[in-house]
């Protein structure tokens, strides 16, 4: 599209038939299509109608066709807890769909800061960092304090009580004392991946590409 | 610093003496220093103590020394209303302090969409766009729908009633139907400029610089 | 009724038997009856008891009898996303029940402003505009900036995270920088249709009718 | 302007010099100009610079030039308490500026329902009703239940404690059990007047005018 | 008990066995027992274990034994919509359990003020009035403005969107412009009945009883 | 008035001239008048214009004429902290104005439960209890658990941080585990006194009076 | 671990297979493992795979191995209502897992203060007190006013309406007029037990242990 | 007092005369008195009336008499930013008043994690840690992850925009992924100090003291 982002179907509130038909249409035009927020049973129904269609059960994403990573740059995707993997996987599959390279760093939370520091040599070379965090969502502040590259914070709804479905980490990231954290909506792994891709596209353009 | 962002003093809750002394210290180390959120009377008091110190009354920023734009790339700074100029100026002065080029586009709001479209040819070549918006804060959605580059939304507290000191545009930007808008805190022009600079630094690195 | 609006049954929290009996009573008096917020299984149960009863599955509305459009004027009903169709359909069926003409304009969202502008020649002749919008709900601001006729904004609960079940677009519409947007409750397609009808009735009275 | 509403300056966050200069510019183009939210001392400063300029101290509005009521139709403006007069006056002056006829009905609150009923014969002939209400804001529900014409509710910040600066009447009006109440922002008398004018303009068009 | 209110079991979060055993214990001591918030299937399970046990399916209350009205005074229980009957019935059954006389007045809402006025001669003789109201909850304000006796407002969670599960009518009642409305928790018909009984007990004591 | 409550002027948002003139009017009709929420300087201005006018500086109430306690029954007014005295005094002066007898019990907070129990023999004979409480507002729960008479809770805005201007004690009182606490608006001593009077009036009527 | 707290698995959002495998791993290292927030059906599935595994159905906790109380000091765990037992049991099982002695005090709520006072001689010797309270959550204030030892408040989501899933008791405890109450997240019995253990560990260290 | 905490006067909402008289009274009984939240001008007025009275201008605390540190154990008080010093000082002066030893660790924030780690050898020996943090308030999570001793988090209102006067760090601390953080009210340095003292008193008792 005009904005440089291939179209993506948002699965919520659509029937399997509607989703299948839009996916088919996008696939016919571009050889690649994707739908997010697809529950397993809906996925199965759509897969039975649509060829070339694979389902990522963790991310709850349907892909039609085989995306290729064809851009330079690496997006690091950092998480602390097992429960945040779902959103992190939405990031990773979306990056792949859009043609960017993602690299996952798991189990590096704020409550065990030495684990994060131990892995920092691997994290540092990344060109953009996406930090997915539920509970209090403090990880982006720490990461942004360590890093020179843009940090995108994705608050998740993982937690309970006064976490209020992601309000707590959302406020945390908006108020980060390390300046310059880019915040997206709660559980919005998709949007974080799109933003990371836009950042790398600027870089590619500077470098003479895109 | 390690994170590539020169230190900046946050003026709120500090005495003029404290601010002057921290500015002096940073200036002595790096030949350049900056403090944000400085009310006019506080500024005057500090200027009487500190040499090489200029005050931007709209942005309420004190600069010590003369910053140079010494990086490639242009950050477009888009606003609709007169009342948002204050935050936009915080963006522009911070960009300048950090060595990035900013370009202001004013009076291009959502309620007069044709004015925005008329100026699009000038806006399009920018490498990053920062959209500063109060009231309902719908402008970043429209801009992100038109553009391929990263869009940073800065909600402002300009408005009244159910605007709730910036809550309305903050939620608007977080829920943008154009994916990939990077959101920062309410009235946080400083953070938006830092983020834009980090994005351009990635690009510069790709292009062989930084 | 005295207020010029035929009675309508609100289906939530009523048993099928209760709904059927109230519908029968209204139908017997006026030859036409309607109930909103009727889930499919409840609808089926009522239809098995009540003659002349049709169900609009998208709007989740039961109609008894056949309404006639018998008033002048056209209400444009504008939406961006597939998921907002449900509420838009509540608007359209209610307009029809009340005797007003509605015209749907779909897929014209804020993130693709050129699609909206392309269809503006069709939208402009409408006498009242109802804009149904979830996510960030920015569309009414843009539409009200383009139009001279009254614009009614219906925020929907379509979205997730910081959309908070419609809070985000509700605040957006209340703070519209284009003045004069009439806001109704979240997902309240019914109320928007009633309001549009009241506006057209004033016009009809001026023109010598009603 | 294109939207049929003459431009109006929003005084908050602008210097007297800025306001005076914009007013002058609008006045030079159209022979009439208006600025809202002008505190008394700011007003005095502007009046000393600008000819033909009158100040409505209750509404805190500056008018340049003499508006004429030149459209058919009457807008009833209903209030209960003395403290809501300020917002009601913003409605009345804006109506006048836009060329519409307003008629005030004061001291007809919900806690003394017989006073409202006693005045109903005078209220009924109005073509649009604007109800300005603070505290719990119940008046629009009652008025909309009595009337066939469009009712616009303006919640005000008048009250204390759990009124939360207008949140209470805002929610009240959005949830009105009498369907079809058009709600605008808290204290937004200006927006209510613009909306009423847009409604009457539709009517005038039907009747062959505008 | 010391506070003059017979014990009542709150059913939420308890197993049928726990509820049955507590009810048995209270019944053995006082010849009467009651449990609120009992879903139909739980009720059936308890009834199969406990003698003398009747279930009010609308109020979702279990009664053990047969209460007698044995105090002077009448509590009027006023509602507008069908959906509020559930909470009103919790009021009526609790009054009965506590030995007070309740009288129901239904379908007398704010949107049809003449129906309320028409029934006022029947309502006026009541000694205490409980007004149960969902949606915007404006009815207690109107009733308190008409009446000299204490008015207890019970906000209900009946509504949708910006009603926020009873927040809207709760705020409405707390901000009532008719002074002296006693507010209880959302959907708390039980508490309203207890309070009404306490008010009548004071009266009975003055009159030489209790 | 019809509702049995003499009229009272709410001072917020009115000019001294307006207040003086309304007070004069009420006083001329009934020989007694009262205005609440009158700041000291406004009071002085009004007193200079109006005869028979006394000012209670703690309650910020102006009284015109000399009220008489002429009804049976006693209202206990219970507070814990010094800072809540202001609202308690609004209760006491309003009771006096309405002709009811009030009795103050101070320094009996929840954090020193033995002080409350020590004074219980004095508190117990009261016919209605008003508990004024800021901070967490737990006192009404304890008092209602000890007493058989109606308990009215007045949450105050006394506190800081997560007290949120009275939200904390408001929620506390609405959720009291001792059933039947009547809650009024934050800092609404006036409303609590009116309600207490209405309760005692029922009692007086039963006893053959009023 | 480094922080002195053995690892504990948080069950929410993990598959039975994931939980079983992490538990096995911890158990193999330390001879003891625990997982919280395990629904009964998940528990059964895990127990079928894992030896030495017992399930506490009230606390919804899985224990692998047999913990020993091996530290001095007693933690009193105080509750008022039956519905809070679930969270209290999470406290007790966690204490046991960590090696601390817990003692339960049930049915001692704020609405029956004499029951609390009657049991005070048993409560007083405890070294730390954990107060678990839903509804309005006033109990920690009263307990902290009676006791010299640290009081930890655990707000629970038990209640309805304006209790807002634990918001009411959370605010109550944060604003306690008895100073020094330690507050943890809503329903966070686990965290309260960890904190109590940390407090006793300091004591043990002073006494020469740990 | 019974609870082992000497009385402390809360200065807000009291006149200088009231504060002076309560301080005198406490001092006469115990040879030591303290008042918090005393603005500089109020302090001066009180100091002119009261002997032995010193004012800590940063903490805004008045002390009468000379407190002695006479208990074992050390409380570490950790802060990141200059603006949080005010609350940290309230902690330190209160500790001193209560007889406990406090040790300040400043400028060790989350955005510069290496500074915190560098000072850890000094922090580790403390017996209790109080972490005072505004902005996003992430520091207690990191500290609790590093430490075995009890960590008390004090959220502060330092910040702007979506920090909402301390809401952001309050939620952060309640949701800490490092378990066992004790949270107190926003800006409540006093309460944190009292709690730390209570924890050390348990320890002292174990060790044979107190």
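Observations on the structure shown:
The letters A, B, C, D, E, F, G and H name the chains in turn, as written, and every chain counts its residues from 1.
Note that a contact is a pair of C-beta atoms (placed from the backbone, for glycine too) under 8 Å apart; a residue touches a chain by one contact, two chains touch by 3 or more.
The structure displayed is predicted, hence computed values, not measured ones.
Of all chains, the one whose mean C-alpha position sits at the greatest distance from that of chain B is E. A separation of 41 Å divides the Cα centre of chain F from that of chain G.
Computed from the mean C-alpha positions, the centre of chain A lies at a distance of 36 Å from the centre of chain C.
Measuring from the averaged C-alpha position of chain G to that of chain H gives a distance of 26 Å. Centre-to-centre, using mean CA coordinates, chain E is 47 Å away from chain H.
Of all residues in chain F, those that touch two or more other chains are 81, 144-146, 161-163, 167, 170, 174-175, 178, 185-186. The list of touching chain pairs reads A-B, A-C, A-G, A-H, B-C, B-D, B-H, C-D, C-E, D-E, D-F, E-F, E-G, F-G, F-H, G-H.
Residue ranges on chain C touching chain E, taken from their complex, read 10, 12-14, 18, 155, 157, 165-167, 170, 185-188. Note for the complex: chain B touches chain A at residues 2-5, 8, 72-73, 127-128, 144-152, 170, 174-175, 178-186, 190-191, 194-195, 197-208. The touching residues of chain F, counted against chain G in their complex, run 80-81, 109-113, 117, 135-138, 141-142, 144-146, 159, 161-164, 167-169, 171-178. Touching chain D in their complex are the following residues of chain B: 81-83, 86, 158, 160-163.
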